[in-house]
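The same chain A turns up in both complexes below, where it pairs with chain B and then with chain C.
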Partner chain A sequence: MTESPRLLEVRDLAVYFKTDEGIVRAVDGVSFDVDRGETLGIVGESGSGKSVTNLAMLGLVPQPPGWVERGAARFRGDDLLKMSERKLCGIRGRRVAMIFQDPMTSLNPFLTIADQMTEMTRLHLGHTRRQALSHAIGMLERVGIASPADRIADYPHQFSGGMRQRVMIAMALSCHPDLLIADEPTTALDVTIQAQILELLQEFQREQDTAIIMITHDLGVIANICHRVNVMYAGKIVEEADVASLFASPRHPYTLGLLSSIPRLDERGAERLTPISGQPPDLANLDNGCSFRARCRYAIERCANEIPELRMVSHGGQAACHVDVAEAAGQEKAHA
Partner chain B sequence: MIGFLVRRLGWMIITLWVVFTISFALMRSVPGGPLSSERALEPEIEKNIRARYHLDEPLMKQYLRELGNTLQGDLGYSFKLADFSVNEIIAQGFPISATLGIVALGVALSIGLTAGIVSAIRRQSLIDVTLMSLATVGIALPNFVVAGILIILLVFLWPVFPAAGWGNLSQLVLPGFCLGLPYAAYVARLARTGLLDVLSQDYIRTARAKGLRTPTVILRHALKGAMLPVVSFMGPAIAGILTGSLVVEQIFAIPGLGVHFIQAATQRDYTLAMGLVLLYTTLLYTMNLLVDVSYVYLDPRAKLE
Partner chain C sequence: MPDASTTPHAAPVESNGTSPLLDVRDLQVHFPVRSGWLGSNNAVVRAVDGVSFSVGAGETLGLVGESGCGKSTTARAILNLIPPTGGEVYFEGQQIAGLSEAAMRPYRQRLQMIFQDPYASLNPRMTVGRILSEPMRIFRLHDSRRRRLEVLRLLDIVGLNPRFVNRYPHEFSGGQRQRIGVARALAVNPRLIICDEPVSALDVSIQAQVINLLVDLQQQLGLAYLFIAHDLSVVRHISDRVAVMYLGNIVEIAEAQTLYRAPKHPYTQALLSAVPIPDPKVERQRKRIVLEGEVPSPTKVRIGCPFADRCPLADNDCRMSAPPLVGTDHRVACFKA
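Entry: the complex of A and B
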């Protein structure tokens, strides 16, 4: 099993924040792997820790108030969390690149697109100014910006939202990273643009064998491009499976809730959407039970006393639940 | 750009005219006049003087005469400083106040920006708290207290600087520092807030995610945006700083303009007060215009309307 190191191995990562309400366990014991050319989806609602997990790996969690409490994030065998800032700077952007949710605010409004794109390849690939410029123009053309040689001297505000996200992607991929972390890259865009952006990411992935971590709360995006999925809730991974199994037979009540709260075209009949009732827990005041139990229709007494661990389940992945959800749901149907 | 400048110049002339009119009306409507003093003048003499300064004419005629002279660049003779025209007084005092002002400006910007940037980068550290407490003290302490302390320390206890006077470089240091210090404190606070504001922006996270080192992130990505509030503040501040300070110029015996601002008003020196008001208005307007123009160079999103 341990031949060559995997692209990314995250083990027991915990990231805490100090707030007025106490210590918030934003990410608490998260482990997962990513292989070359693979797309891992991380899905969860706001505040579930999906973004923080990835920011922490690159040392981008604002400190203070946040810090990495424990864990490891081995990238090709080297632990990113123990790396010097200097060495980490050589990984960021070069080996692991990120694109963010809001393309309107993620580009620097004071600098031209050329400035922002070329500084990266000049730093990491040692390009001269001229090389960097022609490389950047090539990347812009690749992501579908019309007449890139003219547009590259423009400022971000001269581009539309969708175009800016294309620029972000062109910039992120300009050093041919091994891993691209896409933090809700399509959330701020309208639906037609969303599809184009996802397609673009997949194209690059096929070409360069880039691994992608796709952070989203949109199950549609997950179904579209991911191979495997982590479902996060309250700072923990509650279910992990390949995408087909997860959609076919979710084994955690939260995943089940997520799936039944979105409309599905393949289901006949006007079955009502069932939202997940209640609110996510206060991460500063977690107790010794399952953090989902207050919102869970299958909760049993044991859920209040024992935090469920991830364990292998029948779909081949893992789920963190004391109850066999498939069985419980079946019984519910039988009673009805 | 040219059109913008021409338009703004037009507005400046209108502004100056309005300021002129209001100042004229205000000065003539307050009790007392340039000739009222403790010692009553002989009626004959007073009549002659009033005629000499055209004070015996109807107000409207005085207003038009003064406006006409001002338009030709002649601000008239001072009522109180006999033998001096207002133009001469300004020509003598303004270069001195402006020189002192430029030194103070250097103090304000170099100390203020450094302190502000260091504070923002090391926010909530001991050095941040110390610098910002000093800035608060700097804003709160009146000039004459700072001047007094500096004179005790650097003139009497450890004599490195002359106590007062004007003419050589060493005489510039203490007054320049005193005048610049409160501005340095304001600049420090503005630079800190501005930089902190920018550092929390998404595009700074992007810059860091690209693998840029912290100094590059700050110098190339953050500083330009962080300077906008400082630039806005500096416009009016420069106009104030260049026209001199009564307190600092009095303490260090500097023959600048500061003293005239106060005395012209209290002694009802109509012509001198008018000249100084117009000078200050012109400077203030020009500085604000420069701020607007510099915004276009700092922020590509800004446009001159």
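Entry: the complex of A and C
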């Protein structure tokens, strides 16, 4: 290879879990790329595999019951999935950092913020205790914690939810990672605090050219900060596009369904929402058809017999559907 | 505390001569908290600090605000699940705040509640049939045969298969459980249902199903809802009028479309601007009012406007006295509005 490798290249990743109901294919053949300075959104409902995809890359899927069935996740050319635990430790937290939904359970309640923040930079950047402490105080100041030199000796419970998430962000960014994986980082927070946190992430991204993978179920958050979007359903990416095209002309019935099922703040909207009917499928009992077809209003016979592959569509991205949704929706309108 | 102009237990009368279904007047819930060495500092959390609003028959009033603003406590105080420390609650013209459990019981039949967590609010040891017949049994509605038929009818109207009657809650998904919660509230023919974050635990694609169900039931049965939620888009969709709470107070209340189109209180404006809109084209052009800091502690003794610490418009007047909620249809508590 002559050109430099991409920041992150995930190819055909599959993660399975063994459960009482059988083998659950939580992630089943997922491929995507992330480049420097860009924000990739991953959207989908609970159980769609959006979190597991990212946990697997960092070797954080509990084994057993889970395992990586196949695939590769190349970070700057090196496959994270085949790396020794020791080498992975040098990347996790240093080059790839992660923040989670619930900052209370991801901070250790028995250690002060100082203990938790300095551990990272002493390990990864070789800071002395004193260097690490002043670096940590600087980071807390950057994320907007008032009088950080005093607050750093506090325990997590002494901070509010929004403040804890700021601490998590300060900690995650303290080694200047190339890639930040944010798993529902604002879901537990109020909207005014969410606005502050999203602003903060974008600021860091502009400054350090950090790539962000934003995992969320909130399409508003996606529209707000993402450049490209993967839509996941039942362990697969069903649509992939740049953010403007995805919202302007969704090409998978699930994406279309999601967009028309949410009420919007800026519109009075119709009397009734258009929900997606039915329930998500049981991942332990998937068949050889499209996993969305039972809930899909455009399903045809072929959908029961053949799993649709991702293919290029006219908006420049890809969708995994046998039906041309834009055309089908257009015809529906014409008939109405 | 009843003021001199109204006699206790008398229904407040609207200008058109009819009294609203629910009328909340100056409701207060203060909790004592002990802190310091052996509880030497006695502070008071003013969770709800003088809240007044009404809900008419067949109407939906949305109640929004961020966590800790007192919206859930307001709901619980109306139902006497948390005893109010002040104010009055009139339901169908009768004062019910602070009634004993026995005196409250007849009102509970017409004043029901749906909870946020469809996992915690259904008894895991009861079948769906039992969960739905229990409220009818408690209120001595119908004989046992009729109750069994009622259970099947309830399952049907909330969109669940009546064959599920002998299943247990764990056999259902979150959305289906929330339908069971709705059916349980309907079992005793209520006139008002207090919905506390009824869809926030559900996936986006399932939320719309439950919202549509609530809207349909309202139209069929003439129900009134007090709809409490932090999702402002959902509240706009479902509400006729909306009240915005901040730190135990209502800061603005208006007809829903008016409030969303032209919010007057600086907090409402900031709150609405903070909600991301699922449309990148719109999102790129929006101006966001990012508020500084966080909601102050409700134990803090305060004489001025509750929002003064974070308000971009606040001046000395705002810190010296609290603005009252004024106006007729569109009421707002702000000196600057």
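The rule we apply is simple: the second predicted complex is superposed on the first by the 327 of 336 C-alpha atoms of A that agree within 3 Å, B and C clash if a C-alpha of one lies under 4 Å from a C-alpha of the other, contacts with A are read in each partner's own complex, and residues count from 1 in each chain.
Note that in this section a residue touches a chain if its C-beta (ideal position, glycine included) is under 8 Å from a C-beta of that chain, and two chains touch if they have at least 3 such contacts.
Here the structure is a predicted model, which is why all the values come from computation and not from measurement.
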| item | value |
| --- | --- |
| Joint occupancy of chain A by chain B and chain C, clash or fit | fit |
| Which superposed partner A:A195 touches (first chain B, second chain C, both, neither) | second |
| Partner chain in contact with A:H157 - chain B first, chain C second, else both or neither | first |
| Comparing the two partners chain B and chain C, which touches a greater set of residues in chain A | C |
| Partner chain in contact with A:G93 - chain B first, chain C second, else both or neither | first |
| First (chain B), second (chain C), both or neither touched by A:L258 | second |
| Partner chain(s) touched by A:G126 [first = chain B, second = chain C, both, neither] | neither |
| Touched partner set for A:G220, first chain B, second chain C, both or neither | second |
| Minimal inter-chain CA distance - chain C and chain B, angstrom | 6 |
| Residues of chain C that touch chain A when the two form their complex | 66-67, 173, 175-176, 203-209, 211-212, 215, 230, 232-234, 236-237, 257, 260, 270-283, 288, 290-291, 294 |
| Residues of chain B that touch chain A when the two form their complex | 124, 201-203, 205-214, 216, 220-221, 224-225, 298-301 |
| Residue ranges of chain A in contact with chain C within the complex | 45-46, 160-163, 190-196, 198-199, 217-224, 243-244, 247-248, 257-259, 261-266, 268-269, 271-277, 279-280, 295 |
| Sites on chain A touched by chain B in the complex | 58, 60, 64, 85-86, 89-94, 97-98, 100, 102, 105-112, 119-120, 123-124, 155, 157, 168, 171 |
